[in-house]
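Next come the structures, one after another.
Each of the next two complexes has chain A plus one more chain, namely chain B in the first and chain C in the second.
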Partner chain A sequence: MTTSKRTKSLSLTTSKDTRLANLFPFGLVLPAVVILALVQIYPTLYSLYLSTTRMRAGKLTSVGIKNFERLLASSDFFESLQRTVVFAGSYLILTVVLGLILALLLNRRSALTPVYLVMVFIPWVLSDVVSGTIWRWMFNQSYGLIQVALNPLLDNKSILSNNDTAMMVVIAASVWRTLAFTALLFLGALQTIPGEVLEAAALDGANRWQSFWRVTFPMMRPTLLVVILITSIRGINSLGLILSTTSGGPGAGTTTAAVYLYRTAWQFGDFGVAAAMAVFLFIVNLILTIFYLRVVRVENNL
Partner chain B sequence: MNRSRLSTLFGLLVVCAMILSACGGSATEAPAAESEAPAATEAPAATEEPAATEAPALGPITVWTKFNDASPQNAQDEWLKAMLASLKTDTGLEATNVVQPHDQINAKLNLAVQAGGDVPDVSYMDSQFVGNFYQNGTVMDLTDYVKSAPWYGDINQAALAMCTGPDGKIYCVPANTTNRMMYYWTSDFPNGFPADTDAFLVETARLKAEGKYAITFKGSEAFASDVLYFQLVRGFGGRYGDENGKVAWATPETVKAVEFIRTLFAEGYAPEVDLAAGFDFENPYKDASAASLSAGSWSYVFLNPITAPDGTVFDNGAASVEEAMKAGQLAVAPPLAAPGGKAATSVNGSAWAIPTGSKNVEAAQAFINYQMDAKRNADFAVGYGGLPVLNSAFEDPRFSSVYWQAVIKNLNDNGAGSDPIVNFDQAMTKFADTVVKLIQDPSLDIMTELQAAQDEVNASQ
Partner chain C sequence: MISSTAQKRIDAILNHALLIIFSIVMIFPIAYALMTSFKTRGDVITSPPTFFPPTWTLEGYQKVWESDMLTHYLPNTAKNSVLSSLVTVPLAALAAYSFSRYKFRGSVALQVAILGLMMIPGLTNLIALYQMGSQLKLLSTTTIMVVVYTAGGLPFTIWIIKGFFDAIPRELEEAAFIDGCSPLQALWYIVVPLARPGLFAGFLMMLVDTWNEFLAAVILLSTNDSRTAMAGLYDFQSSFQVAYHVQTAACIIIAAPVVISFILGRKVFFQAMLEGALKG
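After this line comes the complex of A and B, so read on.
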């Protein structure tokens, strides 16, 4: 065989090996992606189909975009979106800020740090239903620990019977439940910061706040963005805990979009409109994700 | 496609899958409704021998109810446990009960049929859902079966009307009827319970001066619309819906009813806990901090223990109310009427339905036929807290008690059927939410809000 043919044959083999090597990781991931496609993508596409239908006399009939039109004409839906913004926004800010503070405190090692970690984690291991029930009982008018303690100050006003205070309770319950998760992520990020960097900052005369703001916080930014993304999505989709605490009440006082979707589907049986809401929320979550991914990419490129 | 683009595509796919699992993961089922005060009660007496029903070789069936026969908490659960045992003994038919939460059973039945999944062979349903089930094709047309049944001549026709759909066909078999009334502490109303809202407001001021609430009632969620709100709206001459199944509550009469409700909260005559979710509204009556309770004929099952204003505690399960009545401490009265008007009580019922897709229709019919016997119908009625639907069942001596005589009189004098709204649950939820909104913001115009709510519900039909 001439040298050029051998070279050509060698380069063809190398090119094929390279392609196979490049595809190999995707092959490993493929089974998981296929399963996810079956249990997530197919139901999502079915929801999209369902959002264009309506049930009448036991028959599913196509109605085009009418369900979306009904949704956009519904004051209940827009009010639920407003409540979602209030709930998710408050939940996000409190969870991130308090999670960060908690992580900073836990990062100061002490003999009791393992005990504190366990205490912080207890809410995280409880289910939404159990957590919500605990909070509902704590504010029960007759025997709730917190309600009864506050009765003299509140002139016996029921906290769960007022829209504003009921919303505060569900936000507090949600933050309490998720704090451990965000604190843990922040704690992990804090522990990857090299000690020498902080020492160098101290040697340069930076005080504690300056050290945190100029050194620690910038290095935690990627983790912060991930936490914000996950917490935002969780806030928008939160359902179990709100239902367990207030059932979306009083009236519709804590009925967020997710709760309204649940009611429309499972209480009223209007699956077409509920599916339309699900599509809407999916788009909102997707936009948020793309936005955050772009911010992360910009951060990485800086 | 180069490696970078492929990576990006797969990365996006994985992220999408994560988002979708975040979306799907949040959609958890609602928690079971908070259980009512548990009470150990006697089970209704096991049936004696009615004419033995035929025992064809019918397979085991699945039945959905809102009663827990496996772990009975109250008289309703005890009734079911006893009935299923005697069903097997008497007919050989085995029925397995699947408990559903009381506020979800109708929606879940709808869902099971629409999803084309496993449906029960027979299911409990609330009669208010006939219109909704008709629209969704959830239950079978039972007209021929009912009209040829041996008990058809004995059934109360008003009760049967509860199970008749907008097309005139029968979609369920009624099992009991319930109505709504006022429970009150006699020492708080020494001159008897006021007949109308004006007379009631005179008493409320006195009671408030004594440091008591005049009334407590379910003020939020769909259930609220079924109890006090319905009584007042009808009492003032309004309606929830029209003959075509459309919502029609935006009328001056309904406005007057809502104004009265607003006054109760604005003046502190009703506790704020009435607006909270669940059944906490009962507690002020049970501990006598409220003088009266707007509830239903079934409420005695759950009103225990109860403490009278003089401190006497009645703690005997479902018999607590009867004992308090015999002691002269507690009484019942018709719902409040409008001034110069007539009281009105909604009359609804429990019923049995055969879902579309039921695999054992014959066995399901045998199950229903077994219930439709005078003694057994009376057992269910007493266990549930309603009145029987078979005329012969009214002769049961249990209905001669003071309590049941008051319930029967209330039904006969003030009974008013539910309005056949097609999207009933949505309408009742929307009405209750609107009233709560009007209570919480006194600056809102009642008619404007009622009209907006009406238009929204009708648009979604």
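After this line comes the complex of A and C, so read on.
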């Protein structure tokens, strides 16, 4: 009796073992996958559902595609999209150009390199609200140091009270906060370029300008693509820093689509239309992410 | 024509000069905030403004001390931040070990999906999370923040840790398997100790990200008892108006832990960021 039971359980464990062995790697990822499914994937689908509803007397009622119709008919929404293009476009160009310059400067090693790296990196570890509070203060109408310094050039016009200059401030603040990260990515790519390649180019008579454009730049192209995609997504979804620097003002002067989404939901309480905007922005993000995945998959043989 | 050694000399000087300019521009706003935090209320609203405080005072810090910042907001931030980092890192390590060591059906698809989630920002999910939180009566709780931060941080943390696991040779574990170790024992006794810098990097990045997080905190937490430091600082903008010595003092207090840990652990930070964005 005991023996037979033992053999039985023994044979059971062997077959169970192989099955378990097959399930084991999946079991390891399961907790992470469950959390991501519940708190990342499900809310995205739920947003899609919310975008077809409206809150009436405390209850969600289905309204079909009315929220999207209202959104497309709203000039405020289109203006906010235009501001997103201006904001994200300028942010992208400045970040890539300045980030590349900073990386090239840092790539020339010296005893001071670690000091420079820490100095330029500190803004990156500050939060959006801390950064926003500081920039708001520098440009304070009456007592801000930069505002007062620029007064002679601007006929004492308040920088944050003018749409165009307020937009420039939030762009500058955003570039300032994330520049070092971009430079670090470029620096990583620069360091993978073998010194011999550049020496060979120099021996062939290439000057530094030529060797940058013909050797360094082509070798950095994958990184450049990744940086462009990461920076575009960041710019399009940038909200915390703009809110805490200008609150989207003056008026709607720095109200990008992301800020408009926030205002629509939490200032006007129109969650249906805000969800429609979230769906729209999500699709934009998804398209950029698919491009990103293509680049990264080629690089990593995934 | 300039000799090549002279040219090299000029290049080096120019390089340093430009880097010094970059460093000054990057540090200036922080230095100005630091100086402002030591000014008196009167010196903050003086025109024309000065960079250095004419009289040094701790008035701003004292006002922060009297507010709910140190008694409520910062402890809340620390609690959310530490708890979600403690939950995220082990879960991420298990998943990273699986991706690093096993090939199973759907493994590549899952890794690509996780990379995709890493790129897509949380902004577009906030409305749904707010509605879900309100239905489940979880708004203004630590639970919702830990869950949301964990889900937000997992993809990036998995990726960082996987990079470190990939660099550990498999032979060590294979030897352990021959000695009768189970895969989980091999992970715990061999891989985890060797990948300690990677786990530390993941933990540190999580701590900084969640410490600094603002949008989810301001949207999902509405009571004063649950408010975090970032949301509290945002409220200071209206409650302290032009009293920027108080606002900047709060900025310095809130930013100091992160800036100090960055300076101490910068190597780990740099490696983790390169790992997370590119190798991934």
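Here is the rule we go by: the second predicted complex is superposed on the first by the 256 of 302 C-alpha atoms of A that agree within 3 Å, B and C clash if a C-alpha of one lies under 4 Å from a C-alpha of the other, contacts with A are read in each partner's own complex, and residues count from 1 in each chain.
One rule holds in what follows: a contact is a pair of C-beta atoms (placed from the backbone, for glycine too) under 8 Å apart; a residue touches a chain by one contact, two chains touch by 3 or more.
All of these numbers come straight from a predicted model, not from anything done at the bench.
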May I ask you to decide whether A:160 touches chain B, chain C, both, or neither, giving the answer as first, second, both or neither? first
First, second, both or neither for A:126, with chain B first and chain C second: second
Figure out whether A:270 sits in contact with chain B (first) or chain C (second), or with both, or with neither. first
Looking at A:105 after the superposition, I want to know if it touches chain B, chain C, both of them or none. Which is it: first, second, both, neither? second
I'd like to know which partner A:134 touches here: chain B for first, chain C for second, both or neither. second
I'd like to know which partner A:75 touches here: chain B for first, chain C for second, both or neither. first
Between chain B and chain C, which one contacts more residues of chain A in the superposed model? C
Could you tell me if A:83 is touching chain B, chain C, both of them or neither one (first, second, both, neither)? neither
Using the superposition on chain A as set up above, list the residues of chain A that contact both chain B and chain C. 22, 26, 29, 33, 36, 40, 43-44, 128-129, 133, 136, 140, 142, 230, 233-234, 237, 239-240, 243-244, 258, 266, 271, 278, 281-282, 285-286, 289, 293
What residues of chain B sit close enough to touch chain A in their complex? 3, 6, 10, 13-17, 19-31, 104, 107-108, 110-111, 113-114, 132, 134-138, 219-221, 271-278, 280, 283, 287, 356, 423, 425-426, 429-430, 432-433, 435-437, 440, 452, 456, 459-460
Note: in the complex, chain A contacts chain C through residues 22, 24-26, 28-29, 31-33, 35-36, 38-40, 42-44, 46-47, 50, 101-102, 105-106, 108, 110, 112, 114-123, 125-131, 133-138, 140, 142-145, 148, 176, 179-181, 184-185, 188-189, 223, 226, 229-230, 233-234, 237, 239-240, 243-244, 258, 261, 265-266, 271, 274-275, 278-279, 281-282, 285-286, 288-290, 292-293, 296-297, 299-300, 302
Counting only contacts in the complex, chain A reaches chain B at residues 22, 26, 29, 33, 36-37, 40-41, 43-44, 55-59, 70, 73-76, 128-129, 132-133, 136, 140-142, 157-158, 160-163, 230, 233-234, 237-240, 243-244, 246-253, 258, 262-263, 266-271, 273, 278, 281-282, 285-286, 289, 293
Would you mind writing out the residues of chain C in touch with chain A in their complex? 11-12, 15-16, 18-19, 22-23, 25-27, 29-30, 32-33, 36, 44-49, 51, 91-92, 94-95, 97-99, 101-102, 104, 107-108, 110-112, 114-117, 119-121, 123-132, 147-148, 150-152, 154-155, 158, 183, 208, 211-215, 219, 230, 233-234, 236-237, 242, 244, 247-248, 250-251, 254-255, 258-259, 262-263, 266, 269-270, 273-274, 277-280
